[in-house]
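For reference, the structure is listed below as structure tokens.
Letters A, B, C, D and E name the chains as they come in the text, with residue numbers starting at 1 for each one.
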């Protein structure tokens, strides 16, 4: 046993929690790097916001980083409700509800189809399933433009060309590869025994899907939703090719605002329109940011 | 062997097969069908509209019935490999491919590296993780059109970053990647990474969170520095994440189009052209579908050669998960 | 009936011009104009239009550059034969120059309604810029080239050229017309005369193009109107651009002759091409729509709309019998040349879009890459002409 | 002929090219508790899954209650299954878990209530009915998993290592509960484990499996005392059996310089001379005075000892080969101690070196 | 004064507001094999992680070989650690796994080779050196994990449930190997488990932990025979100790209508009357003729029995409370059999009902 004085002397050594320097080299490195990176990512947003609050004369002065001297919301108003496309001068507001009408069923249907596919691939393997899945992954690499005409022909043949449902189907088709991959990997990471238990309990394909798998997979559905909402909301090509003027989505309007050049571009309106258009997906990120990470962490990216 | 009651194998898993019909139809009709269609029409001289490759000729009309038996074909607009010869003789196509290779390689490597490093930094139990993550992720909410626009602007030498820095007294400063043919593709890369790395980071972060904590402890007890632990231990363990990420990044690269159009329109000159834009321009601007299809076919062929064997190995041979 | 009209006129002047059509159409008929504007260019709008047509759900009418773009749609029987309307309205008599209607005619049937004339062959010069450099405002291309170094000295971009491919090709085509003459232009593009294309005459044009490239060096704008803006703000000496550029000068409040000068045919060969826009009408089942199409065709060519539309758009009317008293100097110059019959067809009428696209590629590369010699460019030019159909 | 509850005829199962079960035949009488025992990967779970209908078999037939169920759906076979990982539905309450199968079978509500209540009573989980699985301890979860099979009133219970995720104490408790359950219900139960204590205590009969085939099927006693192969002998018994490498001669079993008399050994098929293994269970070895009565005695040195509470396991060397045995009670030993041990080879087992079969 | 290998003084550890370790003090002499035992969640792993430096402590000090390592990096503490999940680097060969740490310490190549060879020799994994972990069995993996600590020539080995992922047979084998290793190396070893067999067989001393504090620290013998609290008594011994609920009076221990004499009981602190638990280990109960010599005897009915190979566990009721005991050898019993059992309460343990401390 150590002597009493030895004990006393020992007490002088390090004791308790290791002192953590606030400005340790490690912290400086981590926060420094993240700070710089955040700057790189945030800078464009800053410029967009600042610009959208300036008047055109101020923009012409040049410094895009300078905060607005005179804040004006005119560009926002214009982008939302005044900017013209051809004869329609209702700004983005005209396309907003169209976008909603397109996005909601498209997101819903594409996720429904892909999740069922992923589930069938993960849990109910049948001969040839891999071959189809491989083709699907291949499909992820086909440029959309290439498929424009074949899809027009397909839609014409099934009589859905020009209808909202035609567009919804197109979005479902092009969302299918990545989403199916996501869902397949997620479902196969769930314990197989659960699936077996449900079969013993007499549940069939759909019963297991709806009663067992679905309730356990909400996070991955959120992930899929975020990817799809972003993709579909921002889509221009399909939105404009497979719809009609009165159902054009917001992005057509955005394209018109951004690409109609008159003298000097109205950057402030462009920026305001841009932010307005991105607002919906952005909102979904902010709201579900935490779920996003947790969803993938729950196995979405395994395999 | 007694096979009493053995059901027809076709009907086993019937629900699964029914449920997979959308996938099967998409795979066969859209992806395979569309691809075959594209390949076939790449041998034609189609311009604005797809033109028939050939037509059947009916030599026999049987009796009074208007029943005709096709017995021969007449080539209509078949031009053999002419479109391909022209394609490979076109400077712009060559430049496009070079650009895609450079962009693809850089984008792939940098997406992985940046995405991973950011994820690793965020994984250090830091404060404000949520804030940092959101800042890095938000560009993903913006379309490429918008991304291109914003960065075109930031990189504009007359009032973007260059002019601001010059304005601060650094007169010789030059940073105009979009106006310099030899580096323009890197200018595009800056914007592409800005938009896309957030998603990659989030995927990686999720992957990191799935690593067994005991591995970290083992490495610390072994006295292995953190960077080595990442490089030699953690990264190899994250293979599944990397595969999903790889598919997402790679498919994005092959299809890159909007960003280029919005940011440079392929300029200056043709120095930032990419294959998908070549396809689009020839199909719709140049009204030469045949040429566009030939270019698409080359792209699809390249993708197929890489993807199909790989995907089959990756997804096909495994039992489960 | 509701008639959906697709077009890509979305900039301020263009939209105002289209509005004239819509107003007239809505006012003078029982129909309603449903606007289907798509910003961008033909490249954006074309797949939409074609998809809609082959998808079996066409719009009521759409805008194309008239020329060979619509040939195939006509051959495939997807566009309506408007001969009946044309005859009733006597288009053959009123359309000037007649070549405009020829471009709409296939096998003797008229398929489109031309609405305006645009010409390419203009050099726009900034009087202010030359003043700054202490130079006279040039009156010909050669003078302009000679002034180049001095302009540069004075910190002025001699020639403004946007980055879009069609601008480069346009510049070159203007050089052919101006320096080699309309006949060569016609022979090379119209008849695909490869000997001529490879010959000395064209070699001179290519050398001139190299000069232009020298002068355009350092021009870092993308859009054509940004380039025009450089001329307006005296940052550039001049720009070769079609007559639509004067819309920009007008918006900026500049006066022809005072603030800027215009040289048709680069001051060398005073001819103008007669390109322009036309409307086509897809075949539809609905008789009401068909009737509305007929009425739209009439409205488009009626004298009142021609005047109001072209004044707004800055283009020339397609009928000689209307009065454009309010036109400005440059526009008047154009009208004079038109009246004198010094016209030639537009490249769109001579070349397929495919050939134009290849030319665009060649010239945008040539104008941006100094390592390509005029000889090498000419060689590639010849091979494009050789393969054109 | 008594009815067999489960009958498996010539079962083959292959995953692609890998044959996992080969021509396996097994008959399980009504009410029997059969334990499947075997090393990891030998095909126990696979066999259970085949019986449950969760795997499509490659060949053979399966009968349950004399009904050919080879191609029947799992839920149509009258079986209930309990999994190693519990496999509870995480989003449902305990009650939901129990009633899920019944709802699928469209059983009237009142009856569901009743059956759930009965099962909950048997398993003593009434107070837990409204909790979700996440709020249960391991043992409680396992009970719910058993309950899920119980409510369905099945003929055959299948257990796939139901206790292996639990800690030792809980394992012991639940083992007793399962035993009680069987005594109460008298269902046929097929129970997979690789814990031999469980096998020994629970089984009416044990089937020892090795690479997809059954090596021995018999009562625990038979398997413990007369293992048919060396593999079986190795597998059963804790601490494991000692194996001495040597030769059977007419003088007895000779290993190195040691001769062990084989008097009274129950030869399977007459005396067989030749190279062989002699297997001796550690608990059949006695020491000190008790050794006197044994047919083989030897003085040994204690090399290592493991006090295990009730007894102590001693490691030593016999005939140049490692050897271990139990010392009764809390015998005090120290490394280096010398003592005399003895055993009767007649209680041991001889295995031919070539076939590894019991001699 | 002998040097302590590991000395922990007043260790506090909290995760946020949750205090996991509270003022824990522990001294481990050089070369001792200390086992930490306790229920799940009691802080065993946490303590080990604190010693290893993997967790930042909230208060107190840690010494290893008399060096204050409270703030030292894990790799600087002279410790090696083996994890429950092995935590092998999956993409490196066994050799790579063993040498990775050494390479980082910039040890010359020749020496690395030598150390790896030595460790591989000790653990008998030479033939595996070029395989990857995926191609190893569970036991082999665990050996590699131990090897990783071994090559680093550390003073203290920390084991966190190294065997709990293995099956019973392997567990037994590896347990012996670890014991041998300790006897050969004579390093200090701290070993976490919740398997008491492991604890009993391996430990020089056992520390029983409960919610972040050490309840008893002593030799296996002490802990087995004289558990200081009911918790300890419950925790140690398999099958578990019987607890009879009753009262200590001057006539003995009275439970229901049964009186059990307490003659010869070693009172911790003089006789204490009052409500208490009497703990009797199943293996201290004898039956038949042997019962005659015991201070307490009673005839009971067999309710359930579990043959466990070497012995049989019998369940019955005593004084209206469930009671179980071991029957030696392969005693043949049947449910309903009646027999006489007996035990000496002096070998048992009494715990006060209020404090649960040993009386």
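One rule holds for everything that comes next: a residue touches a chain if its C-beta (ideal position, glycine included) is under 8 Å from a C-beta of that chain, and two chains touch if they have at least 3 such contacts.
Molecules present, by chain and UniProt name: A, B = Carbohydrate ABC transporter permease; D, E = ABC transporter ATP-binding protein.
In this text, all values refer to a predicted model and were calculated from it rather than measured experimentally.
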Query raised in the report: What chains do chain C and chain E have as common neighbours?
Result: A, B
Query raised in the report: Steps needed, at minimum, to get from chain B to chain C via touching chains?
Result: 1
Query raised in the report: Counting C-beta pairs in contact, does A-B beat B-E or the other way around?
Result: A-B
Query raised in the report: Quick one: chain D and chain E, Cα centre-to-centre, how many Å?
Result: 25
Query raised in the report: Which whole number of Å gives the spacing of the CA centres of chain A and chain E?
Result: 52
Query - Rounded Å distance between chain B and chain D, as computed from the means of their C-alpha atoms - result: 55
Query raised in the report: What whole-Å value do you get for the distance between chain A and chain C if each is reduced to the mean of its CA atoms?
Result: 41
Query raised in the report: Touching two or more other chains, which residues of chain C qualify?
Result: 47, 54
**Report entry** For chain B, residues contacting two or more additional chains
**Finding:** 12, 158, 280, 283-284
Report summary line: Within the complex, chain B is touched by chain A residues 30-31, 33-34, 37-38, 40-45, 47-48, 62-65, 113, 116-117, 119-122, 124-126, 129-151, 154, 172-173, 176-178, 180-182, 185, 188-189, 192, 204-206, 230, 234-236, 251, 254-255, 258, 267, 270-271, 274, 277-278, 281-282, 284-286, 289-290, 292-293, 295-297, 299-303
Query raised in the report: Where on chain B is chain E touching in the complex?
Result: 212, 214-215, 217-225, 228, 232-233, 236-237
Requested in this report: Sort out for me which residues of chain B touch chain A in the complex.
Outcome: 12-13, 15-17, 19-20, 22-24, 26-35, 37-38, 50, 117-118, 121-122, 124, 126, 130, 132-146, 149-151, 153-154, 158-160, 163-164, 167, 194, 198, 202-203, 205-207, 209-210, 240-241, 243-245, 247-248, 250-251, 254-255, 257-258, 275-276, 279-280, 283-284, 289, 292-293, 296, 299-300, 303-304, 307-308, 311-312, 315-316, 318, 320-321
Query raised in the report: Okay, in this complex, where on chain E does chain B touch?
Result: 49, 52-54, 73-76, 79-81, 83-85, 87-92, 100-101, 104-105, 148-149, 152
Report summary line: The residues of chain C that touch chain A in their complex are 4, 6-7, 9-13, 15, 18-19, 22, 33-40, 44, 47-48, 51-52, 54-57, 59, 223, 225-226, 229, 248, 251-252
